[in-house]
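The same subunit A turns up in both complexes below, where it pairs with subunit B and then with subunit C.
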Partner chain A sequence: MNQIYILCVDDEADVLEAVERDLATMEEVFPLEIASSADEARQVLERIDAQGAELGLIFCDHVMPKETGGEFLSWLDGQPQWKRSRKALLTGQAGLEATVSAINNAGLDFYVSKPWTQEGLLQAAKRLLTDYVISRNIDPLPYMSILDATRLAEHSYKRGLISDT
Partner chain B sequence: MDDSLKSVFSESTLSEEGMRALVEALPQLKGSRRRFQEGETILREGELNDSLIILMEGRARLLKLDESGCSLEVDTFGPGALLGLTSFWGKTEVFASVVADTEIACVSIDRQLFDSLTAERPDFVRAVQGLFVRNLSDRYRNMIRSQVARDKLSAQLESERNQLRDTLKRLEETTNRLVNQEKLATMGQLLAGIAHEINNPVGALLRGIESAKDALEKAVRMESEGEVEQELIREGWECPYWSPEEKRTRMDAVMVDFQGVGRPMARRMAQLTDPALKLIGPYVKRKSKDLDRLLAVYELGVCFRAVRLSGGRIGKIVTSLRNYGKQGGSEWEDSDLVEGIRDTLTVLNNRLKRYELSLDLSPLPKVSCNLGEVNQIWTNLLANAMDATEEGGEICVTAIQEGEEVLVRIEDSGSGIDPDKLEKVFEANFTTKNSSGSFGLGLGLSISKEIVEKHGGSLVASNRSQGGACFEARFPVVG
Partner chain C sequence: MKLKTFLGLLVGIAGLLAAIFIPIPGLGLPAQITLGIFILAAVFWIMEPIPIYATSMMVIFLQIMLLSSQGFIFSVRTAPLAEVSVNETGALLVPAESLGEDGSLYLNKSNKALQVVRPSEVVDLGDGTLAVRGEGLNENSLVIADPEHRSITAGATSYTAFYHTLASPIIMLFLGGFALAAAAVKFGLDRSLTRVLLKPFGKRPAMVCLGLMLCTATLSAFMSNTATTAMMMTVVLPIVASISSTDPFRKCVALAIPVAANIGGIATPIGTPPNAVALAALKESGINISFSTWMVMAVPFTIVLLVFAWWVLLALFKPQANTLEIKLAGSFDKSAKAIASYVIFAVTVLLWVTEKLHGISTTMIAFLPVAILPALGVLDKKDIRGFSWEVLWLVGGGISLGLSLKETGLAAWLIGLVSWNSLGALGVIVVFGVVGYLIANLISHTVSATMIMPLAITVGAALAAAGDFNLVASIVSITAIISIAMVLPISTPPNAIAMATGIIETKDMAKVGVIVGVAGVLLAIVCGIAYWPLIVS
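For the complex of A and B:
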């Protein structure tokens, strides 16, 4: 089974720690990585790539020094190996303009506004990772317990991966 | 007889005695006396006129209609004036109306009487001809005089108009300044109000979390021996924010040191401080059922510390906002400029964090100033620096003492200033920014310079040799 990572990027240490804590329960199945800038996120991605692992989902802060989350996600969307990774913007500030631009240019799949709740964050993570597993045609069995089992099962049924006989 | 009329017509108008003499000398005129009431029209513009009128008593006005049909007063006449001269002589339409300004007595010589007078009295003809010529040449002179006066008036008007334009421009500047000042004052009040509103719950939050931590320590101590738990809470309470890199290193170390530990557990253990890890380590090794509980106790401490630090951060931001919002106030105090600079940096942090910011803020002697106003200078200079510099560019803020002065230098690696405009940038309404920005009134630098000078200092712009602009503000140190 291929490792599917979740990556969280935020330049504020307290926010990053809180997001990490909220998503920790996912790590039973999806290894978690964290980074405090777009540059560090690239290094982490290189390592993930080198392991032959995948990036299933990224939560990225928008307002960061040097490179905004929007810009970074846009770059990510242009990389063939990360194009299909689910991308979520997590931000306390981005105005409508930044959001629209992120959706149009960064292949943004989801938008979480700060302050967030753990429940909201986990729901978003589950939905987006379910999308990822389905779109990549990955064997869904290992993820049934933690993701949206109904959707995964439906998909597998259609694909003939599971038979009811 | 000849002589008497000569004296009568010696001027271009008739004197009072002249008039009396004229009427006496020419008995034919007795029947030509007429009176007009105040406001009555004696000659009407555009109509034909068949008499020559000599004003005897009272005053008349010469009125000319303008293009829009309003009548303008052109001249006034007193006793002795000749009215209707050109229209009578030239048999043309009356050029301008004559209206009685008071009750009027006059002699109206119609054409028939005039012709008979000219036929019977050659001396009348000569006298009248002389009078007409003088009257006409007077009119001609007057026309030239009024032309000269008009030109002078135009020039005066032009200069007054220019003055008015300058005044209007200054008024606009002043209005903008006042509006700006008013905005800042309103913002200051708002910020102070909001700061107060936020500070209360933040204060309660910070107190609450301290008490919660103390209460928790007591609670775990009462339950059992609880020494380990107590220690773990204290460690969690002081736990630093690990950087992602530190976190990875610590996770890797845990996974090496404790075989068989998976990522979720390794992540929890990577959060532990070294003393906490020493306490927990044995429980991991013997796979104690207490492990999860002890980690949770530590994490409680970590969460409390997150609340404490984040609450403290809110408190600091609020304090900066409140200090920054003192703008518009009028208190002068001996102040530390560096504090004001730090407050401004906090307020602008959201934008500034997209630049390579380098700070060199040494402790400074106090400066007597209105800190709120001075903060406005840093805001303007920093906002300009950011506007002129690509994101990711360099912005340097230096504050040092130089002799009896405090020097604050704000530099950027942006496009710099056109060398011809190094002085001009401080002029009001000078701006290179288009209207897309929220500011761009072109007042920032002129207001900044004014504020620095009000404090007995100076503000100078220059270009750095390596590119970008440099602004230096100097303030005298409190003596």
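For the complex of A and C:
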């Protein structure tokens, strides 16, 4: 089983803290990494890559000092090893134009607007990570209890991912 | 590399080398090499430094390289050749030692095969040479100098025999099962059947649980136990979500599915791969069991055990709610291809169970869906790629290993270490059943069957020859026992799926697994001794 990470990028420390708190129940299966800028996020990604691990889901703020979330996600979408990672914009300030651009250029999968509810964020994370596990065609069993078990079970029997031994 | 992987590789390879190089009294070189391969395979299958199907492939590779009459060790290429010449009369002059005790000459036929020639005329010239004449003897003949050379005495089989196991009738039977199951899944026949079958069971929790178990067992008798469990989980999880989180009934349904899937696999020859291993072992002994005979034996056993398991589950996890909400949306797919798949399914199963009427064997009929479903476009190449090919390799490697165990006399030597005659039929079933049950709880059922079956069949055949022992009943009994090993999450893939949902805990599974398993072992032993011998002689 490959380790699948969640990454959260935001320049505000309290946002990172809040995400960490809200996704704490998933931590055991999907460890959360945080970064305060796009550059720091790239370092985290390098580390994840070096471990042979994967990035399942990234939550990224849009308005950040050096590089906006939209720009960073679009760079990420161009990298072959992160292409499949699910990408969510987590923001309260992105205008319509920035959002449209993120959807069109960065393969954005989800939009979380600030402030969010814990339930909403958890549901979004579960749905996006379920999509990720399905798209990767990997053994879904280790993730079943945390993610959408029905969808994972359906996928695994339709694709014959686990067979009788 | 993880320590366990490293240890597995080390112990497996050391076992292979030790068995080959340390002389063992009573074992010939081919049997020692087979023992080495058997040890390597057993260690690899148990410790899993490489995937279990990869071990099966490795077994076949080692066999063709080390054990075949064309391999490194027993090929005629390895035998020294005699100096030969032709005298003025046209007779072939060969050294006297090259003539075998039975008067045969052994020739190396173009480095590929051994040719045995019985000379029509042998004249002793007195100086240690013989003048021989015979068909195919001329100055180009490559006469092997030593008739006692291992390439002659080992009696090694051709490498093609090991390859043939991959296309053995039992593998084809499973291929047919895979084709049927793939078509059923593709057009949702399994889900539609579940919907229809579940309806008469109403909304009372206990009855719903029984309905779910009967559906699961019926489907897993024809499809893979694992695929059935995953499919039934998509039916069960919404039901579980509608039950209060404090109601023990949640655990009851989540456990009912893997238990029923494991038990259901016993019901037909194609239900689960251990059945294939048993059928292959019986076939090697010249016994063919028809689909209907197997079902007549196994179905009553399955039903009794299933009802018992249902009773145990309800006793352990008593439902609190009075009614359950079951929503199963959808309807039968009525497209032309879907209907074609239903018809082929029905026709194949019908032909399987009526073998006695038409006489075409189960394994031949199995090719009907393989040939027809792709022809009708019901299965496309993507569906064919989606078959569990690795399961066929796993079984194929097991059959191939069983072949060498028998042919080299290793199986007979291994079982000769214990005196079985004093045990009788009951003792044999109990010993192999209990050992098989314990192993199968820890490792793959197919692998357990693969390791146990060649030995069980050798003991069984010896006892059967002496009379008063029913080989088929005993083998089916041991196979059923292996299939009901389901104490731990790792015991079977259906168990692993049920655990992965997070609804149950290991101790819940262990409790049910032990109670149903021990009852099943006892039931299988009773059937193997008292009931099944009445059906098969």
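We adopt the following convention: the second predicted complex is superposed on the first by the 161 of 165 C-alpha atoms of A that agree within 3 Å, B and C clash if a C-alpha of one lies under 4 Å from a C-alpha of the other, contacts with A are read in each partner's own complex, and residues count from 1 in each chain.
To be clear about the criterion, a residue touches a chain if its C-beta (ideal position, glycine included) is under 8 Å from a C-beta of that chain, and two chains touch if they have at least 3 such contacts.
Remember, predicted model here, so these are calculated numbers, not experimental data.
Undergrad: Who does A:129 touch here: subunit B (first), subunit C (second), both, or neither?
TA: A:129 contacts neither subunit B nor subunit C.
Undergrad: State whether A:57 touches subunit B only (first), subunit C only (second), both chains, or neither.
TA: neither
Undergrad: Does the superposition put A:16 against subunit B (first), subunit C (second), both, or neither?
TA: Only subunit B is touched by A:16; subunit C is not.
Undergrad: State whether subunit B or subunit C is in contact with more residues of subunit A in the superposed arrangement.
TA: The partner that reaches more residues of subunit A in the superposed model: B.
Undergrad: Now for A:145: first (subunit B), second (subunit C), both, or neither, which partner does it touch?
TA: Second partner only.
Undergrad: Is A:32 contacted by the first partner subunit B, the second partner subunit C, both or neither?
TA: In the superposed model, A:32 contacts subunit B only, not subunit C.
Undergrad: With the two structures laid over each other on chain A, which partner does A:24 touch: subunit B (first), subunit C (second), both, or neither?
TA: first
Undergrad: So, does A:66 touch the first partner subunit B, the second partner subunit C, both, or neither?
TA: first
Undergrad: Residues of subunit A that sit at the subunit B interface in one complex and at the subunit C interface in the other, please.
TA: none
Undergrad: Using the touch definition up top, name the residues of subunit B that touch subunit A in the complex.
TA: Going through subunit B, the ones touching subunit A are 241-245, 247, 263-264, 267-268, 299, 303, 306, 309-310, 313, 350, 353-355, 391-392.
Undergrad: Which of the residues in subunit A come into contact with subunit B in the complex?
TA: Per the touch definition, subunit A meets subunit B at residues 11, 13-14, 16-18, 20-21, 24-25, 27-28, 31-36, 40, 44, 63-66, 68, 93.
Undergrad: So in the complex, which bits of subunit A are touching subunit C?
TA: For subunit A paired with subunit C, touching residues are 140-142, 144-146, 149-150, 153-154, 156-160, 162-165.
Undergrad: Per the contact definition, I'd like the list of subunit C residues that touch subunit A in the complex.
TA: Those residues of subunit C that touch subunit A are 52, 182, 185, 224-228, 230-231, 233-234, 237-238, 265, 272-273, 386-388, 390-391, 394, 444-447, 492-493, 496-497, 500-502.
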